[in-house]
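I've put the structures underneath this note.
Common to both upcoming complexes is chain A, partnered first by chain B, then by chain C.
On to the complex of A and B.
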């Protein structure tokens, strides 16, 4: 969506909406804040501190995921099975939230799904390749929560983790918890 | 000459919902982490500042706006270009001080507060305070020191949301020795 504006030089007729980039900036600052806060009380971080940060980010994402899916599926018919839900998440939900579809969905048909996104939107600004690979988990925690929150509202309790071997390609693993 | 966008209005709304919901989750988390509203307001301002100092580059790259000649032009660019671009809303610029160094941005609707209600025990919370920090940080990077605060807030019962911006001074560029 774009618009024209009188304040712009005549040669530049349109501006793209950049609300996505505003989210990106907010997300990065949230990650930075959470880690800084955890660190400041001790001076340095150990694995337990990192786990706390990941957990806080993940639960923030969870609430956001729940809210997003609620609005997205308000008028949709219900899903026929788990796989149907996952396909919806990979297509409609992923497009709305992460601006593209999941590239590859695999399952063992026993409750485990792997969603591969080769250009994960929250990683593209970090790097491509191996640079900052060790930083990637910080920037995936929130998204894991978003996915888990969405699935939770769709009736699927799950554990969601993510791994990156080459930026910005990312694999999300969803393990559905059976009651 | 408008390009055909293949994003529907629903999709556009969803993206701002991602931002709005994330912002809400942030404020909720900060209220948990800090004891009082004043401290939360401060954190929001600080985080906004950190975002602003980076956002300005993004803005300048996207908009190709040149240097503003005066504070009035700055106000127009903020309201009609920046707010529109990032938040999808165009506040009106008004209440100029006689000296021309202070103005208000009046937002009829504040996208950050969709579906938000302040609980009773947070009367001092300036929910959207991140915006003040963003504006302050962004303008600092273009050599303007400004003071930004909310004068009215629909979340606290006012009819509109009003951001008051005051020009403090021009920041001299500090060039390291040896540069031209």
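On to the complex of A and C.
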């Protein structure tokens, strides 16, 4: 846990999740709550219900991502180009939010980027293989929103999706929308 | 030197997890009955031990031993009960059981959003890590002493 001394100048403030478990547990409960809410009004969940849940989670993440990026880039210089922004997301942003760096960034240089994280922090406790694979998307929706929100406040409108084939490795696809 | 088997019970008496590594003799009753018997016996022993204690008690019941094996018991503040049978060469498995609780149960079950607390532990990640941990114990060997 990190804290700041009242007499230190603001530049010494470090952003650290006070205890990672706090967010992990809260996130688990948020996902569970949203799915329960959607289910109680219908009884059975169909694909449309699932899509609603995913989109609610994603929009929550969006707002969080927007706020986080303001906080994290407070003292950084402005970015040269899109690729620079993505590199920042893969390194500094990912480290602060997901506790490690993205392992692999690929792009087609035409606005599509694939970020691969081989030990995505929200999946590591789920399984290390195929078990619970069908449940993984529920726990990725919020994070997709966080990435989209962060990019949005850096001036990049995008669509962010995630796919998992073997846990805890996960690929986020960012497609930047050109106006 | 070896670990024979491990049971994990919740506070209501349901057996959440059971695995064996080196068990030569079965109890002769169904697994459900065995779990009920184990939990019931432990419940009685704990209450007996605390009632009959000539001094104020801190931890309560810890282990019992026979000529062939020793049973180790660890109960967490949250009511989870870990029971491990080892051979006689292991004097104290309390730390091992504490490690299983904090580094395996808490990490892979409590922090797993899919695992519902109170239901049996299905996570393969938990099973495989637990298995690897048991096999890596200094007092574990595939053959009983």
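Just so it is clear, the second predicted complex is superposed on the first by the 161 of 179 C-alpha atoms of A that agree within 3 Å, B and C clash if a C-alpha of one lies under 4 Å from a C-alpha of the other, contacts with A are read in each partner's own complex, and residues count from 1 in each chain.
To be clear about the criterion, contacts are C-beta pairs under 8 Å (C-beta built on N, C-alpha and C of every residue); 3 or more make two chains touch, one makes a residue touch a chain.
Predicted model only: the values in this text are computed from it and were never measured.
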item: Chain B versus chain C as contact partner of A:96, first or second or both or neither; value: first
item: Partner chain(s) touched by A:72 [first = chain B, second = chain C, both, neither]; value: first
item: Which superposed partner A:60 touches (first chain B, second chain C, both, neither); value: first
item: Touched partner set for A:21, first chain B, second chain C, both or neither; value: both
item: Partner chain(s) touched by A:166 [first = chain B, second = chain C, both, neither]; value: neither
item: First (chain B), second (chain C), both or neither touched by A:51; value: neither
item: First (chain B), second (chain C), both or neither touched by A:31; value: second
item: Contact breadth on chain A, by residue count: chain C or chain B; value: B
item: Touching partner for A:132 - first (chain B), second (chain C), both, neither; value: second
item: Contact residues of chain A, present in both the chain B and the chain C interface; value: 21, 25, 27, 32
item: Complex contacts: residues of chain A adjacent to chain B; value: 1-5, 7-9, 12-23, 25-27, 29-30, 32-33, 37, 56, 60-61, 63-64, 67-68, 71-72, 95-97, 142
item: Residue ranges of chain B touching chain A (in the complex, touch as defined); value: 1-3, 5, 7, 11-12, 14-19, 21-23, 25-26, 28-29, 33, 43, 47, 50-51, 54-55, 58-59, 62-66, 76-77, 80-81, 84-88, 130
item: Touching residues (chain side chain C, partner chain A) in the complex; value: 107-108, 111-114, 123-125, 128
item: Chain A residues within the chain C interface of the complex; value: 21, 24-25, 27-28, 31-32, 125-129, 131-132, 135, 138-139
